[in-house]
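Same chain, two partners: subunit A is paired with subunit B first, then with subunit C.
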Partner chain A sequence: MSIEVKNVTYTYMPKTPFERVALKNIDLCIEKNEFTAIAGHTGSGKSTLVQQLNGLLDPTEGEVLVDGVAIHGKSAQAAAARRKVGMVFQYPEHQLFEESIFADIAFGPRNLELAEADIEQRVKKAMEFVNLPYEDYKDRSPFQLSGGQMRRVAIAGVIALQPEYLILDEPTAGLDPRGRRDLLDKIRQLHRKEGIGVVLVSHNMDDVAELADRVVFMNQGKISVNAPPKQAFTETERLREAGLDLPQMTQLLRVLEEHGLSVKTDIFTIKEAIASVQEAIKEGKKC
Partner chain B sequence: MEFIHIEDMSYVYHPEREDEYRALDHINLSVKKGEFVAILGTNGSGKSTLAKHLNALLLPTSGSCSIAGMDTKQQDELWKIRQEVGMVFQNPDNQIIAAVVEEDVAFGPENLGVPTEEIRQRVSDALKAVGMSKFRNFAPHLLSGGQKQRVAIAGALAMRTNCLVLDEPTAMLDPIGRQEVLSTVKKLHNEFGITVLYITHFMEEAVEADRIIVMEKGKICSQGTPLEIFTQVETMERLGLEVPLAAKMADSLRKKGISLPKGILTNEELAVELCRLK
Partner chain C sequence: MLTDITIGQYFPGNSFLHRLDPRTKIVLLCILIAAIFVLDTPWAYGVLTMLTAGLIFSSKLSWKIMLRSLKPLWWIILFTFLIHLCSTPGEPLAKVWIFSLTAEGLKQGIFISMRLVLLILLSSLLTFTTSPLALTDALESLMGPFKRFGLPAHELAMMMTIALRFIPTLIEETDKIMKAQKARGSDFSSGSILRRLKCLIPILVPLFISAFRRADELAMAMEARCYRGGIGRTRMKVLKITSIDYIAYAAAIVLCTGLAILKVSGL
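Up next is the complex of A and B:
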């Protein structure tokens, strides 16, 4: 089970003076059982790439397959394949529009022409998932919530469509540290417990290092690195070219290493780092 | 010299309605001219509401807010107050209005009726100060996020503003963009003595400030130097905030019985103290 991007090129405004090639011959396989992160600076092509994954943009050349089915064109098969891929845009709370939280989350399922009981079931489940108690919140206006809560409503709206794959574009931008942590835990659960294939687009390398099984760096419309985080974050030069930073933990551990403490530098959690520092102290320092 | 003076200020959204909400609750705050203050707090703690009082976008429901000696409730001082305090918001695309960078920067002074020659000078100075001179004839939509934010800052400088209030200016930016904006703000503070109020969720940016103010539920719950604030690891975490990673690591190591001194904020400091251990 995977999304396959096969030799995709995408050109904005072709055959005009504004023609710009945003993606160049991209090959990428997103496995459903892997948590994939896509990182790159503004204008690197990462948003253009993810919009190919559910047919919001059609490639100028090449094709995209979801679980083996090409998603382009008007056939029922292609439409069904596109529907497997849910997308949460940047600042999804700006897209809330209904009078109640229930109505907003139900909008997608309703368009699938489901029975009312099914819709209610899906809304309930989606709200539970994002930690918004159903009875307390269903009739409230989404516009009276805090930023973090609004974002959770918006994500619930996509989850209620029960996608097989979920793409999230900078889901934690502008959230406070606790809101960010809560949301990342939820996304991790979606992947691990519900088995949804997750693609996280982010320039927060700390989020990427902590969550992803596979990291894809984009630079100038091409993939410059496609590897597990431990390996990806050793590609310091590629990282710099892509306009990205090392995760904060990696930066910290490298400073310790430079000072002569023999710590591991390919670990990303506080717990692992503490253990490594304790060990380094025990072993004796060269500083 | 005191630049911002806020006394017992409260702000209530939708007063006397069912959805009445007290966003600021009896705030007292004094900011000196030339100070760099970072404001931290969770979403909904009142940071942005506070920021909007500083150039009279919002007026206190009770109490007072004065800028360079002018009470923001004085309608006839409004334009002077807005010249004193420039605002930069989170989303650069919402605050750029012209089709060419230099026209965007010139928009403020044009509206003040500043003579053309002087506008040219101000625009040049402002673009130079944020390091964007060579982009003066660019279309803003072709710029990166960090560059757009610097144009927004230049727009405020062209008003000869003495104070910049930045409300999460880096939240939408990639790492390079964040670095560009932060170093521009630091430069303006150091070289031109601009007073800065900087709202952020990035603790490593707040470390750069002279003073940190922490907000919770519409009140200022704590303030002090970065060192004073970020050594209170548990308090910050209880508030739903974080401390810089090196401070967090030092705290965790101490709990494991490693005797590190207080006051570690940077990676460098942590490394040096770890090396010093016997």
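Up next is the complex of A and C:
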């Protein structure tokens, strides 16, 4: 079970003076049981890449397979394959439009032409998942909510489609620290408990290091690193080229190491870092 | 999708036409258009056609681009030609069904078609060699004298500038919203007209909301920087009439007077 990107090239505005190649011969396999993070600076092609994954953009060359089925073209098979991949854009709260929260979240399921009872069930489940009590919120206008709540409604709108893969483009941009933590926990839950294949696009290396099983760095329309985080963050040179930083914890540990403390530098969480520092200090005293 | 559309027809360059002051270009375009209508002699048209060809050549724009500007009006030109060909009374050349094609008609048809083609090409040259912002600046400056009679020239120009500035932004926004709704299973490209119209709601509502939000933010930003309209404002890029503008004016006046004299003297 995976999304396979096979030799995909994508060109914006081909055959005009404004032609720009955004992706060059990308090969990538996104496993459903892996939490994949895609990082890269602005203009590196990461947004273009994720739009290939559910057929919002059709590749200029190459193809994309979801669970072995090509997603291009008008056939029912391709449409069904595209439907397996849900997409949460940046600032998804900007796409809300209905009068009530219920109607907005139901928009997706309704497009799938499900039965009314089924739709209600899905909306209920999606709202509960994002911590919006169904009875209290279902009839309220989405435009009366706070920014963070609006975003949760928008994400519920995608989750109600019950995709098998979920792509999130910078889902935490502009949220306060608590909102960010809550949302990332929810996303982790989606992956661990519901078994949804998650692709997270993010600038935040701390989030990436903490959540992802596999990290993909993009640079100038190409994949520069594709590896598990521990390994990926040792590629300092490639990271610098791609305009990315190390996770803060790793940066700290590297500085400590330079100053003579023998700590591990492939660590991303506070707890592990504390343990490693304590151990290093003990070792130091012994000598 | 939508972002594949090019906005504005400006092609940057450094030719004679590019360097002319935009006001000069607008005024000269008006003079030449007047000349095309008033001086309707074969001589004048020959000279004006040569002039247009010369300008296109000196602007270093490709012929392909110029021809493309004619494309939307191609059918109108053809239609006008045929109407004149068939409906002008005179010596018949041939008869097709109930229409008689006359020599006078042929002449008249070519004339009118030439007129349309010249008008389009000359106006296209203006928009191809002048950036939209320079155009609005020039319009503001040309409308300046009418401020006395209460015409809000600066405000009109500012509105045009802002509108131009936000076209690409709104297109990008529309594209994003369309994709987001498409990702939620919305289908814009099939079904009955009513169904497709219904599909517009999920796009238009968020688009309007964001347009209003942007307008609000922009107004706030302008006010925060003490914007208060045109009085006493200085510019970063001041429009300046240079020697090439004088040369262009002089050439246009000489040309038009010459053609007018030719017309009056009956050639």
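Keep this in mind: the second predicted complex is superposed on the first by the 284 of 287 C-alpha atoms of A that agree within 3 Å, B and C clash if a C-alpha of one lies under 4 Å from a C-alpha of the other, contacts with A are read in each partner's own complex, and residues count from 1 in each chain.
Just so it is clear, a residue touches a chain if its C-beta (ideal position, glycine included) is under 8 Å from a C-beta of that chain, and two chains touch if they have at least 3 such contacts.
Small disclaimer: the values here were computed from a predicted structure and weren't measured.
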Identify the partner contact of A:Ser146: answer first if only subunit B is touched, second if only subunit C is, both if each is, neither if none is.
-> first
Thinking of the overlay built on chain A, is A:Val277 touched by subunit B (first), by subunit C (second), by both, or by neither?
-> first
Check the residue A:Val255 against both partner chains and state whether it touches subunit B (first), subunit C (second), both, or neither.
-> first
Which superposed partner A:Gly62 touches (first subunit B, second subunit C, both, neither) = neither
Comparing subunit C with subunit B, which touches more residues belonging to subunit A?
-> B
Subunit B versus subunit C as contact partner of A:Pro177, first or second or both or neither = first
For A:Gly243, is the partner it touches subunit B (first), subunit C (second), both, or none of the two (neither)?
-> first
Touching subunit B and also subunit C: which subunit A residues?
-> none
So, in the complex, the side of subunit A touching subunit B is made of residues 40-43, 90, 144, 146-148, 170, 173-180, 203, 205, 243-245, 248-249, 251-252, 255-256, 258-261, 270, 273-274, 277-278, 281, 285, 287
Contacting residues of subunit A [partner subunit C, same complex] = 12-13, 16, 18, 51, 54, 56-57, 83, 86-87, 89, 92, 94-97, 107-108, 111-112, 143, 157-158, 161
Within the complex, subunit A is touched by subunit B residues 19, 41-44, 90, 144-146, 168, 171-177, 201, 203-204, 240-242, 245-246, 248-249, 252-253, 256, 258, 267-268, 270-272, 274-275, 277
The residues of subunit C that touch subunit A in their complex are 1, 3-4, 6, 173, 176-177, 179-187, 201-202, 205-206, 209-210
